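Alright, structures below, take your time with them.
One chain, subunit A, links the two complexes that follow: it is found with subunit B in the first and with subunit C in the second.
Let's turn to the complex of A and B:
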């Protein structure tokens, strides 16, 4: 429906400018209150006893010693908490989740799963009491790899679901005629690809505080991207009406998608507080963010594509297997999105895709920036480079020939708007003089003969919303005060991305007031309008449009009232920078404050505007051009330079958009080269659940990044054509690095992370 | 964090007595960058910490052309790293200091703490071993001086007896004919425990290597010397072929293990690569 709406062209006062973020001062001074900073009188501290076995029945659990330990106020086990089967990832109106979790169960499904919880007067005492809980297990055979879990006769991890350790029935997507496509092909490429288990490692560990008042109402502070989902599922599982659950979240130290589940500790914290009638805080250690948090789904991909000799793609056959870990969480959504994404990126009329998601006895994998697409596009983009090599073509030429364009059907089923990907790719080719780069002399520097340089290109597209998997809705309420200042009420969480600043810019621009005059109230489910959560790169696109709608209504009402006071018709006046003036006589004016305030017996106005927006989807695009150095003696790959070219439609806040791109590249470099959360394949124990041995790149490791943001293909579904940017950068960087490594040393890697040992081993096998 | 008792020692004698009297699970508290993390992560059981930071006389840095560089137990990594003397005369130690943790860690951590932790992957140990440093040890009955290569007895283990305290380290003086290097292999450029670390100190007289020490980190229970490789270099003009052979020999002399950071085979390979590179870098001093 929004596809036909033309994009308004105008001069902008605030949109497109890097205004100062409203939270910057309190963050740099350390005054910003995060959930972990909150201390309530009488507050207890909760800790979770975690299983030291990957798959078992709990035969007996004895908490008597823990309960008797001085300072311990309550202990909960599967015998004493409500037994309610619930969705770990609670998206309403969504088919893409699986009801497979209990708060506590008598079965352990992964090493590190919570099996009991303690509340005590201090964190230390709670921690010490955990050691006093005695558990007797009946060990069950465990499976740690999706291949093993999918074997007939493999031990079943759940009784629910389609069986065979499948999280959902296989996702099958078909377009055109695959057999006809392969019959027309001049050559066929076939390969298998795999991805590790990167972990988001957000700065702020998961944390929550529960407090029940005398009316049996629960107030719940938690670091979440989806406060209304937390409210809904807590209410459902605890048997409360929504009026009796209030969820609060102010500042957050990141989430990257992984903080949109309902976590075990959140239920347990609420229940411990209920039992003790005292506030209870639970905060993860860094170790717990790994074992009890959410990571990216490891995957195995088989990809076979048919090409014509002129580079035309005629057939794509692809099978993907995602490892869900011990519970479904976002496995269904990730499988659907990651699989259907492979219908697109590079045009192909004959496509057959099959995505599976399999339970294993490993920590839970969930939503994470790039949501299944990181995996599938890694395979697509590397095989595209292989096709170029086979054809003797410059990969830029082959990609330019095949990238999706306006009118092609996107994974969502909609025609793509604009030539975003083509323009990004062409722009990068032009500014880098790619032809010269690609045809350069590849002789190594005689002073450093062991260093080989390479350049690679990675392409991506990603939707700004979870449509059609979830029918989304964005809401905003805008109020104008009698002094002309404006308050925006939004449920959108602020993960640290600057989303609230962007929303305030949109409101100020649309309404006609100064940016500084807009305040944002967020993060209180009793106050702000319902919100679906901050995910799917959609906050600016979705909530931004709702905020623009709400601000537009307020603007109209302000103009009505000013017109009355100025004794003109409302279509004769305009509103800009907090001033209302007669368009034909700009000197005849009044401030918004004068328009809103009381005068001559007229009380001050009370103007409230609501906006509700139900979008479909827009796609953002990017091409990353990456230079690497490969040390052929150590196998170390160093990313030297990245030129990311992004189309994000209308840019609301350039520095914030650039920050998203740089951050995504940093995470993506880690995923491709150094980050992998390792699980022991014999015991299921975590091998590097901490930041000592889980190697994220740091500032010193960052290459030069020369970000280019184009407004190449604005989408009418977003405010003035704005689209998402949050997830895009992490998708394109991976294949650009893998392709650059090939350019440097002539070796194709089909997996990530590509470790120095992998590189050295491959070089030796090649006989270099 | 688990609870522990805190004691502040006024003198070395006081600290030593506390270490003896408070019994097991009592640890000296210096920079605390390892100890506090280990307490918090429950990696080390600690009942008491004895803070030595107020003890006078342990913060000195002195240089003497015959004795060399001496620094006390309280000297931080960052302070030493930023001394021009260290930059000029001890480039191998300086490289190790600059690669330890982060700036924030280096401003608290001490070199003596890094030594006493006795981690096989400790950054500062290989250059001190290559330079033939000495460790000064206090006990209530006497002082003793131990060559640093003999200070370590295993991972996390040293020759220190109960109540003994390291008061400082002396590194022999530099000379114009001595070239040095330290190379660290890690996956990133800061906040990184070395996968392999190689330090070299070599003396050249009239184009011939008159003395050399090679120290290998993170490839054995303690930092190792590579005596056979050193013997191949001694008396040689350090031509490319000899350097390559010595590097290969160093690979045979190390005893790495496999862990989550790297496999034993890869570590061994890196000993070869880094030893060759470190020797060449040390020779660049004279170029």
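Let's turn to the complex of A and C:
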């Protein structure tokens, strides 16, 4: 979108108000239907046999005993399913996908990979039958760390790809002259950083149901963010036209990015249902959501930056290695986005970046809120704090000096619109009286001398939409009924963010009807317009604009029709709050219902508006100000207070936007301090695939969060300037905590999670 | 081996034959047909299946259906005081944005009901402690705390 395009200003009736979310009414009464709540007559239950080895060839697999087990209706192995090499991350417009998966293969690439599937009359019988499947493996040497996998001569996990266990060719980005930059530097900082393997841990385990009808059409209910992608790839792999695959998703219990793969169990469920000619449900256990779900890519980063003594950044050299796990999934996208992001955030003219993504014999890593950027900005922001320390500067001053501003080139290659990051940072500095905080007396409270307080700042920016990696398209269809009510059809999934409410607000605002007169139809690929999926913080920005376009067309058609009935020209009338009136004589009016209904020989009209929007990208910004208590006796870091300051452009639904920020902070606190999905380095086995051993922040762990949302830099590419918000908070919170820990105890951590053991060990080494 | 079990669900007597090893959660969801109570882990870790049994919160996945014999079970479907009327907690959850994906919501509502039944004006700390067995992964809990405090105030004000 051209940055000079003006953003329409108006008095909003609905946009910017926290209207009641319709979906939440169903959720508080228990009526909301999730995929797992659906029960079909004659439905069977499917279960997956998972490998108990990390890397092996399957020499033989004997399912005869399982097949003979009473109640078992079908068993599938690599010998009986179609062998089609397919994508895991099925974005049809993306160049960054890796075609490296089979439904079932004769090779095992990670501990827990599915090797056979059973359908039976009950879950218990299906489970018992799994134990009757006999497998003979030929063990292969396995690699669990990207460093080991990238060594020459390391065992190869795939035959496809560029080789050397690389998922894609290294991503290289350079700007300016790196050597000249370092030559101009007064000092250089160099460090290595690493990130663990946080898991999204959405509350609803993955689940799907497959049902084939007599015409060989597959109806497929699944908890997915990308229903059209599921339809496309299921159809391709099963050899069906798109008319023969209908994907349905109503409510879903979270996804956070990770429910946008095409999962192995989804194919197997469809095939088991086909084989048995009965509906089949497959529901993950919590253990399976870890083992067979998708986590964030562990990452190793080397970062070297040159600074002038006045704080100017003159050179940035960075190498990133992302651990993809056993399959490519979103590895290419994550590597490209996470690497390219490091061109920005803090201005630097001379940049050289190299991102690699490496296969290992570990569970698959995929898309997860913050998509590669959590990792790279953790390093950038912490090193910026280190530079401030070296310069004897307040980190807020150094960050303010260097943050990207309007006109700077964003990672997408476009000029940044507005001074969003500078405004967020400055606002936080002002409201917190940061100068006083930073210059405070740091003497510990004599009553609790083992507790050290610290404050830290974390900055971030993140794009709404996956452009340019994916050429996105948002679609919406708006229909107006003869009683003046309006139906919006959208393919955008409802992960729980309130996106459908925001879309309805946009339609009501643009069309001129009341919010409660707009209904939203979603989640049925046979009915709604094509949708790319709900990811990349883009639904409000992308689909919102398409919905606004579609509503605008309907509005114009309603005005035409009302003008005819009022016997005036359509430019003499206006439409607001469901009422059409002559602008010059507001008493001459009719309701939208009267305009739309049949009258005086004019039949009811069929007015439908379609909107299609192909955006580039906008960037949202945030600065998080975080207070921690570090207990020097136990090593426990407690986050006490967070003041997140976000620029999201025009706010459509304030409470929903705040909810995204607060929830992102919760997940980010977990990533930074406690969450790490651990894989045994000797066997590749999962060590903590459950909600007790995988430690997430719970109600007792949450700090006070004082969310501030600024409409600092609206983007003409979104509806009335709206931008994304879903991913931003999880990126900024991490470095703000790491920087606050340094402020508290003078120790720099370059990794996450920063566990109590790490803190105690570092304190001992420091001799404190 | 099936056994007959009789219990009360949301004020209505139920009688059914269940396997001895069937959890109360599966019985509620599959046999009674009340799917509002969610299965997030099936091992008592997440609290999504919290129901009240004789007024006490229970992870329905950890209780056998046969253990509910003669007892009274309340689920989220029984929270509404009447058709088209919401419990103050339900209304507050809507107004405050305390539910995002909604999967933890039924369990949290039941736990919050128990909390307010016992303690009509809980402190922030008591609310945090009361919800410590319920995982919410979407909201950061902030708006859940707001909603519970708001409902507590309303219920207090409505008391004669």
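Rule of thumb we're sticking to: the second predicted complex is superposed on the first by the 766 of 768 C-alpha atoms of A that agree within 3 Å, B and C clash if a C-alpha of one lies under 4 Å from a C-alpha of the other, contacts with A are read in each partner's own complex, and residues count from 1 in each chain.
One rule holds for everything that comes next: a residue touches a chain if its C-beta (ideal position, glycine included) is under 8 Å from a C-beta of that chain, and two chains touch if they have at least 3 such contacts.
Because the structure is predicted, anything quoted here is derived from the model rather than measured.
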Original post:
What is the contact status of A:253 with respect to subunit B (first) and subunit C (second): first, second, both, or neither?
Top reply: second
Original post:
Which of the two partners, first being subunit B and second being subunit C, lies in contact with A:687: first, second, both, or neither?
Top reply: first
**OP:** Identify the partner contact of A:634: answer first if only subunit B is touched, second if only subunit C is, both if each is, neither if none is.
**Re:** first
Original post:
Looking at the overlay, what does A:700 touch: subunit B (first), subunit C (second), both, or neither?
Top reply: both
**OP:** Using the superposition on chain A described above, determine whether A:32 touches subunit B (first), subunit C (second), both, or neither.
**Re:** second
**OP:** Pick one for A:674: touches subunit B only (first), subunit C only (second), both, or neither.
**Re:** first
Original post:
Looking at the overlay, does A:760 come into contact with subunit B only (first), subunit C only (second), both, or neither?
Top reply: first
Subject >> In the superposition, subunit B vs subunit C on subunit A residues touched >> reply: C
Subject >> Intersection of the subunit A residues that touch subunit B with those that touch subunit C >> reply: 285, 690, 692, 698-700
Original post:
Within the complex, which stretch of subunit A touches subunit B?
Top reply: 124, 127-128, 285, 287, 633-634, 636, 673-674, 678, 687-688, 690, 692-693, 695, 697-701, 756-757, 760
Original post:
Can you list the residues on subunit B that touch subunit A in the complex?
Top reply: 1-3, 41, 185, 187-193, 260-263, 266, 269-270, 273
Subject >> subunit A residues touching subunit C - in the complex, by the definition given at the top >> reply: 18, 20-21, 23-34, 36-37, 39, 200-205, 251-254, 256, 285-286, 495-498, 655-656, 658-659, 662-667, 690-692, 696, 698-700, 702, 705
**OP:** Under the touch definition given earlier, write down the residues of subunit C that touch subunit A in their complex.
**Re:** 29-30, 34-43, 45-46, 48, 75-77, 79-80, 86, 89-90, 93-97, 99-106, 109, 127-129, 131-132, 134-145
